[in-house]
């Protein structure tokens, strides 16, 4: 049986990637493609990979409330309102924004505003590899941030092996992670052949990494996180550094990672000394990662890659939707990136 | 029923793309992944998007001769031998090289060597949009060159509307079109942030465009063709110029294109004045094209894009394999590019 | 003696490149750095390669009128007014816009508006290699368009060798050619790893190429011109095609090019079969070009590269300023690109 | 008076950049352009930005010994021999390799071979901002590694403010840093639109950073260093993390940086919260850097950019040559990057 789904905020990159992925999903029918300010415009005028006559729909809450599932690919302010509305209507919802990822207290700290619906926070955190059960039972799922997903997949399995207060996460993302709005800093002429850091030390994903490291059993204290803007359209890499607890060996680290993901279809642990390439997962829902231990410093370095629009956003949202709807988790998702 | 297929030359980019596409093809089972010089090496060591334990096989002709279908993604010298061998053994074969695309006489002209098996030339030319029937009935299919596919899709429908001896094709290709061998000219440091022309006026695709324009009813005389190397990994765009025959209008041109592809799943004709973007078809088997007519010069300009590894190589090879095996032509192929 | 110069429109890319070049010019002192909407903002906030405390000045015509020379790097509408004002005040001016490049009649055709000062049109056309004398004697110089400079350098020397009505110019430019304003089509996420055509067949540089081919003795009729947007920040390549007049040989073509530029410091003619790379001239005022003749078609193909901000804009403007001020033409300019 | 200099290893990228820079240097005459395996080939065939008839010379030690100064842009094995020979002949030499940067003991550790001339180690370390005097008095100067220069400029001024054993340096470099040899990992098709880590934790620059942090008064213990390969031709960024000693404030950090570089022409300290862009220093000898302090973690993050071929290699080598020859340190060098 086919489920009827809607995408709100479909004119953004997350929405576009959802449209691309759902076009190949056998069990989900995209009934609504809503985009507030582009309502009535052809989808193809924004996303030329999706030729055809479909136009963006208006955002009509009553209409959304009748669907089997809604993806909210909207700014967190919009998600706060729509997510609550859909939750109260009992509609399964995957929210790709930061609206419901944190406790109300943490939300206030990192977003600088008080949460209007603390009762819904934190929603089921949509990282299936660590939280499959809670997601399947939820109504509202908070899809994780792109940097957060990528870093957590490499760090959570090492909980217990790491020394608190030593975590540094250095992130690098393609430009689609910064959204579709035309800004000076995202002008092709500025970005091309360059690289820059941004947003440190107060980037919101910092708090999200900390909160969910703790939530998944790795309370490692405050972390340092610096994101960088890569001159590529999609792809994300995190390089995470941590001091090992006394006596922990390189073999312990590798075993922890291999064991954590042995049965996971979307996470590939590489041999130590082999490093993952961002392009290997482009367009897929895969994460590739590897770790090296340096006995000189007693630190482990974990390098992890995802497609920021794939496992970092829309791909993971589909994975969560599959769980919410009782479908096989891999339906409609690829593990093979577009390489080269 | 699943057909058992082999890929020879699987360590090249065409082979890698075949592996990627066939991983998602429901009716083809890849029994052999042969690569002469990499036999025994893990596929993942060359193509990290394909993690796993599979290793490249040796090239064993007897083994290939027992398969239902073979893709030859080999240099034309190798294809000349293996293509003939497989043909004689009655094995359906899609050859991605230039070995069998031309008559023996044209082959001698453009490749500077005499053809060892003139009786097999030209093989069924694997451009399904114009040659579906002959392909389905063939044993040996010559998969077209990447520039050739892209240019012909825009020019063949205009046969009869154009003046001979006025055709100019300006081609631009991503670097994967130049193969996987490490060369100075393909060093990332040289290619990045640059653009250069190469190979004009004697590039082999020149003769192939001419031959198959004529073969598909558009004998337009010798053409000028200049390829350029783009600083991107995949994607191809041709800009074709031709003088219109007397009395031909912009409407005639647009109608010819729209009519030619109205029922074609992989070719999208855009509105005049809208130009296709290479990235809109990345990773797909689609071609997007549009034409503008300039009354001042009496010329039409057709701009056409494909993924050089998709519709320009491996994607089209799968389309041809589907035809050869009696499967629905679109099986395992996408029309939606990885955008952005 | 140092000349006192001003830059108006200094917040655009042409202005920024003028600032960069003039920082190394021994004889020009930049007294005014005017930018209407950024007046008061630090230059470094827009152009981080120019750290320091300088802020953009307001545009004050009376102040400009006291300078030795003014560069107008403004939209053509602004240049129409300021160029006329400065001309009337007797101030030497190099205008980088299209305001004064064409006759008033051609301006009306290509810009869709009537020219307010036909008496000033066309101004001295600032292509020194063909027009050195007129520039040196002028007050107002119209700096050529980037595509136009690049194409004309390859075609003008061939006047007399080419058949009219056969010219096709296929242009490819880096994104800085499209200006600094943030637009959807210039978003890094859309541009990266892609290529598209735009603006054909009515791009204004079409008329400018035609007019100045004729002006420099090569009245070759209407041409076809298609520009393309490259995923690189700067650099421009034109591939020009033309049928040769009866009896013209490859040697004739090469001699014409070599002879034309034997004494020119900024134009390098390469051996036929060697093609210039855009990056070889990045940041310089150089043009590199080469031509191949195809006896099969009777056509010559000329491939020519410049930096669209260098010889295609600011570099050439400095070259013109040197001429206007009686300085050695190469002062402050480089012939060596930033390669690799 | 003009000094007569030679470049050995001129066919590599460091050599090419020296050629480019020295073409604009008023006081150095490049008498020898030696490249072992390319001797006799035109320079322009490798580096098209340098058109002309000059060919690479053979490496003739006796000839080098008569020059005023030699740049060795050779692999460390070649530099070990030539550097010693030139030193013994009393010829001022700037060696761009790792041959003489470390003590013989450290060299053995990081390069896995014993040093043939421990008496020459470590040579004067060519980081003028911290070592101007020793360089001016030396015969043999060891030009620092690209990552090392970039990281040290940000960390050395903070000596005394940082806690030992907490230093993490995350480096990102353009592909020219990996040399000109064509390799699979440097193929444009693999590099484009991707990013990967490499060489951790044993990259040789790790030991060099540690040794010279200590040498310049910041003995901070073993560090973690992970380099990454950016899909750009040139440019380097390091993100360095360290815990602050007790009581150190953000103001202390900023003052230390500003004070260290107040009189330095090539180092620009940006306002905290503003991050430097790699492209802002492209082609120049500049370094731009900024630091932010996070009170939550007690860490400082220093982001620093250079052109890996400029301040990271050839530019700094020219700066050192100026010092060795008693010329003004900035002669022939730019502080303004090619932006955009």
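Every chain is named by a letter (A, B, C and D) in the order it is written, and numbering of its residues begins at 1.
In the analysis below, contacts are C-beta pairs under 8 Å (C-beta built on N, C-alpha and C of every residue); 3 or more make two chains touch, one makes a residue touch a chain.
What you see is a predicted model; the values in this text were computed from it and never measured.
Visitor: Of all the other chains, whose mean CA position lies farthest from chain C?
Guide: Looking at centroid distances, A is the chain farthest away.
Visitor: Pick the pair with more C-beta contacts: A-D or A-C?
Guide: A-D is joined by more C-beta pairs in contact.
Visitor: How many Å are there between the centre of chain A and the centre of chain D, using C-alpha atoms for each centre?
Guide: Between these chains, centre-to-centre, one finds 38 Å.
Visitor: How far is the middle of chain A from the middle of chain C, if each middle is the mean of its Cα atoms, in Å?
Guide: Roughly 45 Å separates the two chain centres.
Visitor: What parts of chain A, by residue number, touch at least two of the other chains?
Guide: Chain A, residues with two or more chain partners: 13, 176, 189-190, 192-193, 231-234, 276-277, 279-280, 282, 340.
Visitor: Within their complex, state which residues of chain D touch chain A.
Guide: Interface residues on chain D, with respect to chain A: 165-166, 168, 170, 172, 189-190, 192-198, 200-201, 222-224, 226, 228, 230-233, 235, 237, 239, 241, 275-280, 282, 292-294, 296-297, 299, 301, 303, 305, 340.
Visitor: In their shared complex, at which residues does chain B touch chain A?
Guide: These residues of chain B touch chain A: 13, 16, 20, 23-24, 47-51, 176, 192-193, 233-234, 268, 270, 276-277, 279-284, 288, 334, 336-340.
Visitor: In the complex formed with chain B, which residues of chain D make contact?
Guide: So the residues of chain D in touch with chain B come to 13, 174-176, 178, 180, 182-184, 186-193, 231-234.
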